[in-house]
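Below you'll find the structure, written out as structure tokens, and then a few comments.
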């Protein structure tokens, strides 16, 4: 099975990048399954029904998310869509679901969305034990297990990778919006990358207009952040699970 | 001028990697100047005279540092060595210096060491304004300006890159211990990478033995961290400032 | 000189408490000078012209603030009013001023507003050195120096108190919204309290409706916070600088 | 039943304060049960067998703890003592226990130790749901439920108080080392205080020698912290659960 993992897609420019690049990639690389982190799809923060459908239309199979899942109230319209995931280690009372099993092209694939806790300042259960719990449910019932680990700290991301090494087939990190160059198969066989990186405007600070972010760091006064526009950069990780190879795919407009 | 930037070098395995790889790289790539972040040289945390000299002997020109500079008391023996820098935006009363000008192969180069503040939990002055201050001192008196920006948050790193774009010749990030794949020349001409990544044991969590780190995330009980050993990975960024090209160089043992 | 220090006043209920309690206190205790932290005056976050004037009308002399100063854009209408302060250790480019000298009843009083940095996640200069800087300007030119130290960490608050002990006449902490019972004169003579506590609705979580805050801690999903209403609690510190005594004054409706 | 709650006791001076003050208080106030937070008993950080026994000898019934429980390895010698608790919301694999039921003077009392998560940077399960879980076990089997909620953020402490209001008989906060003046019975009947405050040297920064803490805030360089010595301050909360009254008791040497 060939999988394409896409990280945080930022606003209109990010969606344009996906629509412009993804169909060709699916064809050229014979992709079976596409997972995309959508927490920043709607004007940089949150997910609405219309941006969700824009991604589904270009053959994204599952949309994962993270700390921005509930930023826009409109997400409640689609939170029960089986293709939308929010972090599985949100407390049990949170709406939505954190993992699901998908069947496609003859494969059964479990997609799990988890968040790290270091530096995140959020109310979250332990992602390590939550993985154990989910794994007990799906073990032996699926062909592949793929985890979007949405986190800030590199130590927590790599620790998680080793913790689930051999149990998960792919762990791809998201959230920092910067691609890492540490993609590899861990000793137990799990394909791992600390962060896939964002897809959005190239000339930006992690997808956001740079002037306001710089102004905040200089002045200390909160600024209104807007997704940047212009030339895009598309970041993704390609994994061929049968032949066991993997490759970062970065496309600049 | 050809420059090689090396990120956080972790303990004995990291030092072994540098000693095994650097001499050949200097020759093959015709390197004029080597900057290496040494905050983790001494058994994973801090810098001592002996590890400092090990690096100087293999032709590292300048050793920068970060949040771990003062972890080992022995650093005070070398803190006034002109080749050792600590973050320039530590408060003025901190020992050591945060930038210096070096002459080599006919070039005059200013090396500046700064730290970001987001998530760092440290007492630090503003790195943006500190750069402005230092730049006023060195402007017009050096051929090149190189900054080691030691920071956690990708937004602060990229914001800093744009803030000094065209004033600095190179901004290379350190501290996360994971190389990023976003190296490029910014619009104003500054060579930039969010993080060079660590040099140390490959089979590790950011250079540290993985079992203890995983145990800490699972149990909540503080563990003793030790640098990992075994096969090394060497991460660096090569920048040719004359021809304006740059390339990540990653070497696995 | 008799001084009354009032901490964070929360929304409509807090303003009602001040208006109901302050006039009598001023008369009974023969108060010369009233300082009030106003960062939560306007519906729990920020300051507008109308709430500012409500406080001035009941004889508040100076309104200090903190991390919420700029939450409502309307603050820009009054930011240059000489009676409104924002933290002095915001970066120099921030609008407004961080200290001012006031003359009243024959006394010249400097009021300084500073913020601590631990756990605040804000871009701030060093409050210790900023005090030194301001003190050099006002030294010998005023009768009294009063500091609102707006901060989270008790260690930073107490460290600051000792640092300025004998130079400042009063250091009163704000921000945690809970009064502390550690008011006293430090060895050098500075009247000190870690936090004056909030003035607002008694049946609340730090002045805010408790249901939403509890829901956030349980569910992990961000909630809309509203200032609580109902019976008020008024917290303040009274300091008689001539006779050198001080007393917390807490009034429940 | 009359209960005395003592917060973080700091090093030798704190132990001296307890030994000098507690026996008289027990007699004068007819105390049935004493709970003391011991995370800082052993030279400011951690707990050893000898300091544990010093406290037991002066009739402390239960010793709770917090983020410093495991700072000294010697704690493992006593971690299974039934009178020693560590936070119940540490992960399940942590050694020790987070609550226990005690019988004394004809009363059955459950003591629960929990930690808040905001600003704590630790790996912890949800204290709200952990309380629910423990409450299901002890409900109807004990006369009284007392919780030491060890936490930094005032909002989390007060939210917890309301969350367990009527289920717990007493919630006393610890960890900030500064007593708060918000002790009261919540609407549902729970006796509550945000923080009992520390017991230790008065002339100190939260029990620690002030010079090193000030130096850290000024210089940015880590310092060695030592518990302060000299005149002590003893902080506690007295609760009479039968007559439903409560009173902070603060004694200065």
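Just a few scattered comments:
Letters A, B, C and D mark the chains as written, and numbering starts fresh at 1 in each.
FYI, contacts are C-beta pairs under 8 Å (C-beta built on N, C-alpha and C of every residue); 3 or more make two chains touch, one makes a residue touch a chain.
Given the structure is predicted, the values throughout are model-derived calculations rather than measurements.
In this entry, A-B is the pair from A-C, A-D or A-B that repeats the interface of C-D, since more than half of their contact pairs coincide by residue number. For the pair chain B and chain D, the distance between C-alpha centroids works out to 43 Å. Computed centre separation for the pair chain A/chain B is 29 angstrom, with centres defined by C-alpha atoms.
The geometric centre of chain B is 42 Å away from that of chain C, both derived from CA atoms. In chain B, 91, 123, 126, 129, 217-218 are the positions where the chain touches two or more neighbouring chains simultaneously.
Interchain contacts join each chain to each other chain, per the touch definition above.
Against chain B, the residues of chain C that register as touching in their complex are 91, 117-118, 121, 123, 125-126, 129.
Chain D contributes residues 119, 126, 128-129, 152-156, 158-160, 162-163, 176-182, 187, 194-195, 197, 203-206, 208, 210, 213-214, 217-218, 235, 248, 250 to its touches with chain C in the complex.
Those residues of chain C that touch chain A in the complex are listed here as 70-71, 90-91, 93-95, 122-124, 216-222.
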